[in-house]
Amino acid sequence: MNKVRIGCAGLGRLGVRHAANIAGKVRGAELAALCDPDAAKLEKTAGMLAVKHRFTSFEDFIACPEVDAVALASPSALHTEQIATSLDAGKHVFCEKPLGITAAQCKKAEKAVMAHPDLVFMLGFMRRFDESYKYARQKVLAGDIGKIVLFRSYSQDPEKFIDGAIAYAPHSGGLFLDMAVHDIDLARWFTGSEPVSAYAIGGCYAHNEFAEHNDGDNAACLLKFKDGCMAFLFAGRTAPHGYNVETEIVGTKGTLRIASVPQKNLVEVLDSHGVRRECSENFLERFAAAYINEVQEFVDCIIEERKPEVTVQDGTRVSEIAYACKSAFESGELMRF
Amino acid sequence: MNKVRIGCAGLGRLGVRHAANIAGKVRGAELAALCDPDAAKLEKTAGMLAVKHRFTSFEDFIACPEVDAVALASPSALHTEQIATSLDAGKHVFCEKPLGITAAQCKKAEKAVMAHPDLVFMLGFMRRFDESYKYARQKVLAGDIGKIVLFRSYSQDPEKFIDGAIAYAPHSGGLFLDMAVHDIDLARWFTGSEPVSAYAIGGCYAHNEFAEHNDGDNAACLLKFKDGCMAFLFAGRTAPHGYNVETEIVGTKGTLRIASVPQKNLVEVLDSHGVRRECSENFLERFAAAYINEVQEFVDCIIEERKPEVTVQDGTRVSEIAYACKSAFESGELMRF
Amino acid sequence: MNKVRIGCAGLGRLGVRHAANIAGKVRGAELAALCDPDAAKLEKTAGMLAVKHRFTSFEDFIACPEVDAVALASPSALHTEQIATSLDAGKHVFCEKPLGITAAQCKKAEKAVMAHPDLVFMLGFMRRFDESYKYARQKVLAGDIGKIVLFRSYSQDPEKFIDGAIAYAPHSGGLFLDMAVHDIDLARWFTGSEPVSAYAIGGCYAHNEFAEHNDGDNAACLLKFKDGCMAFLFAGRTAPHGYNVETEIVGTKGTLRIASVPQKNLVEVLDSHGVRRECSENFLERFAAAYINEVQEFVDCIIEERKPEVTVQDGTRVSEIAYACKSAFESGELMRF
Amino acid sequence: MNKVRIGCAGLGRLGVRHAANIAGKVRGAELAALCDPDAAKLEKTAGMLAVKHRFTSFEDFIACPEVDAVALASPSALHTEQIATSLDAGKHVFCEKPLGITAAQCKKAEKAVMAHPDLVFMLGFMRRFDESYKYARQKVLAGDIGKIVLFRSYSQDPEKFIDGAIAYAPHSGGLFLDMAVHDIDLARWFTGSEPVSAYAIGGCYAHNEFAEHNDGDNAACLLKFKDGCMAFLFAGRTAPHGYNVETEIVGTKGTLRIASVPQKNLVEVLDSHGVRRECSENFLERFAAAYINEVQEFVDCIIEERKPEVTVQDGTRVSEIAYACKSAFESGELMRF
């Protein structure tokens, strides 16, 4: 195979981005089909990207013979079922995070993936495909910063998207499952270790609407890892300056910081506000290249008949940890793994 | 009184710095006497600073009639006793942190201070007198960043001083009492609130010598405050880049970072290592101006017959919190206040 | 036409990059042919990129009927002749800077372009396609910085490539024609004005080899523009920290700086060298996205039957200005336009 | 002598600052007298600083036997006469820049200083006493950046003080004499070389009021030095972001930048404007410590009976260069020294 025909299911903002990337920016890929229950959205996107095969039903979509692989960006609750169905239909699967919204779901997805060792399955932990995170990890693996002491990672969404966040609150799974999963994935990826305890706090500092879903608008947790490494994770929805995803890795011989200034680009402005950098607006801007790179890796894996570094087990493990943090947050108790 | 005659007890690095500041850089102050059990050190410093009254005995020192006030930079274990003796002798007292090394000691110091309402007592929480911290706090008080969500503060000593830290380990009280007390003071000062729970972890990542004193070379704690604010504190002794004291205050309307680059000065170097800022070497360099400002405030309080903002109760409270963090660190359990 | 078949001539580092971009990263483009007198290089590149049509002769290349457009990255001295030949053969032309190496050549190229109003001609001023430069220009056009007072732009190559620069010195045309042309293009693009005077100085600060070609390893010029704007340009070949292309635009209401820290990515390193950003290594790394964007624009212009913003006249004008700077540098006299 | 009694003449903003520093922050100094023709201003300052001797007449002031040394911050046109009178009266002299406002004046001042080899004379080039500039120069002298290629220095005053600048325009001497003199001093101090040519341009970009004094609101010059070093100086009065004094020294082995972000302090703000540093407001804020350090050096020189590094000849030379730049600016011609 030297051209992978991909079908995209789920045409939210990220789904549309994946579709557009596959249509024009991923080498060896072809956007073959689109699927979304919203017919108007489907027609609009399919028209814009010149896609022939269009489905409002997932069953029909997955039966399309001109699709070799699927990219799933549907609502989180549907992920594991769609993964199983797609694999059973013989399609390679790229799925957005989170893997599932319950531990049981994740285990079911694991089973489905294990049952199809010939198919490529990949989870969308796109930060691993960001040039800066990749560069930092190479330095860590090369021993440049010695032993890892502290891993600190922030995921802050801009306050200006708060209405959307409030509307989505009943389905988001909360700050840890919705946002901190990326930081949890990074923590495991950088340290190569697993957490043994977690303490989590936080609350509603600006928007009480989250409380009714046992969630907050900002939360943090402190994790201890098996190898002794500490991890501090912070997730929030009220950043006034923009989309702030930053990570710090303190080692015994050096410290790395990734995006400690969440800069939009290389322009610095000197005006009545001082000397300033404008910030990334959202994940689509900040991780534009990473979203291309990850699907490129998915496609390359299919063509080169190899498996991606991210496994379905990573997805399960990250979800389990996020659940433990959520429980710690809700109960006020220390969680031990 | 328009000239305050000050005697300095304890001529370690910080004691000598206080003495030199009093001798030449504090308006309205006069360096009147020095006290240190090490006669050679005493003579050397007294000669350099042209001080007449020199004592190897604290009792003789405190009896000197030409001393109006004392600055104590003696070993931590001696603080509370010397505070009481000095106040009883009618001297105003400036004392280095920590107030005491046990809760009982702190309570005793409180009693002594309460018994002398006419005398000025001040603790050396110098960070409150740093221009950048003051500026940041004004912004917080002015409401510029809204409600405080997260207070994050680091105190990292340079790896190059590790030998001294190891030698001092039996007496330091550990990372929380020796270093994080400043961050605890700042957390209370910025939030105006008190912690209700603490979880602490850490260990020996590079130097196992600290383990025998139930201490680590790096540790962190996550605190929840009464008003909901979260605080993450990190203290370490292995920073390869220099003396890194930085603080971040995340609010609902803005975030402030103080010294997130612990820059030595305004020089930026572009060479084969990239574009870089060299870092502060130690507390004496980073807080040079703050050490002057705090003693200036002490002297101004005496002259203007008013009391400093920092109280003895602040000292007790900070110590209690540091102890709780230490207990959490040692036991692995969540502490509740 | 919805697929533009492009042939690339000249397989130096930049030529190979253009070819690879066209092969895999430019929407609507197809890499149809390659041309280079060096047969080994040709075969290697063609094999790597799976290109069928391979030519060591430019005449044969330009006669290939399966080529709609050409991208020329051949030696500068050949540009204008190849432009004319290509246009006469009915091919759209994308040509690397500089347009030509003499004013007469440039005029000839202008004539050729004018003679083919139906064909797209575009010069490779890639900086105009860099996201940061584009963002800055939008701000300038929007009036955000008021009237432009000073335009300052640096083009510094890393010292580590000095051997190549010395070897290329006889053919480079010197610092102004080889490097500062990009800054001159930017100055005209940002100000919308033309220079009226130029004073240039510089010399060999580290490598006397450039002197025999009436060139230096570092040079600068100060230009006055018709609208009063000042421009300071600096070009050098001895930057120890990497590839430093930075621009500052001082306006009456604000200042913009583009890449004043020539950072490689978003990683910040804190180690024994201080707090540092590693730098871009070379133009291929710094302008990786711009090189794709500019060819994308070329292809889009062909497909959408419109003309690019950069004109052949821009190429002539920039060359004339670079020549004037070179004359000023060589003569020590003030040049007036 | 172990206490130097200093009289201050000229109680503008900088004069008052010098007086206050001498009164409270310079070791070995005593503020003994004040002089200003404005009696109200004199009384107010003298009262605030508790100074006994107060004079509205310079002649009376200079005759005061309880004054060992004078600090002159009077209008520039009076400098050289007051220098001579003071030296003739046996007083050590610290004088604000510029030395004089004509070459003839400077020469006269030189003569007066030469006639009193026993007295200390020092010019107020305070930037040499700023910690960052001192640190940078040590690196240059240590050979850390190799041979100097380019010296770039900016002096930009905030737009918010433009009314004062316009009012002062008839007496300021213009951008080069009023502002760029500091940069010229630094260029000579860092390179140890002298300019051989100068080209200067600029104009009124926002405020035409300066034109009637043959001045502009922004100007720049490009200088060539004997040793080949290039210098680019930029002076302006319309900076929207604050007081921007920055310097870059490009060498063959490294580049140093001093205050390329003219930060007020170590606080970074993340809010709706992005990630930003607020800027220094004015020279009194930016150079607060340097103003103390320079007078400390003056006093130390008197006490230790040695001469300062800055000489009267430096004052003359800097003025001559500034005049040449002014001529270049006014004539549009290249100046050669």
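We just call them A, B, C and D in the order they show up, numbering each chain from 1.
Just so it is clear, contacts are C-beta pairs under 8 Å (C-beta built on N, C-alpha and C of every residue); 3 or more make two chains touch, one makes a residue touch a chain.
All values derive from a computational prediction rather than experimental measurement.
Counted by C-beta pairs in contact, the busier of B-C and C-D is C-D.
Centroid analysis (C-alpha atoms only) places D farthest from chain A. Each chain gets a centre from the mean of its Cα atoms; for chain A and chain C, those two points are 38 Å apart. Separating the CA-averaged centres of chain B and chain C is a span of 56 Å. Chain C and chain D have Cα centroids lying 42 Å from one another.
Contacts with at least two other chains are made by residues 239-241, 253-255, 260, 263, 269-272 of chain C. Interface of chain A with chain B (complex): residues 146-147, 149-150, 159, 197, 199, 201-203, 205-206, 218, 220-222, 224, 228, 230, 232, 234, 236, 238-241, 250, 252-255, 260, 332-334. Those residues of chain B whose C-beta lies close enough to touch chain C in the complex are 239-242, 244, 261-263, 269-279.
Residues 24-25, 27, 131-132, 135-136, 139, 144-145, 253-260, 263-272 of chain D touch chain B in their complex.
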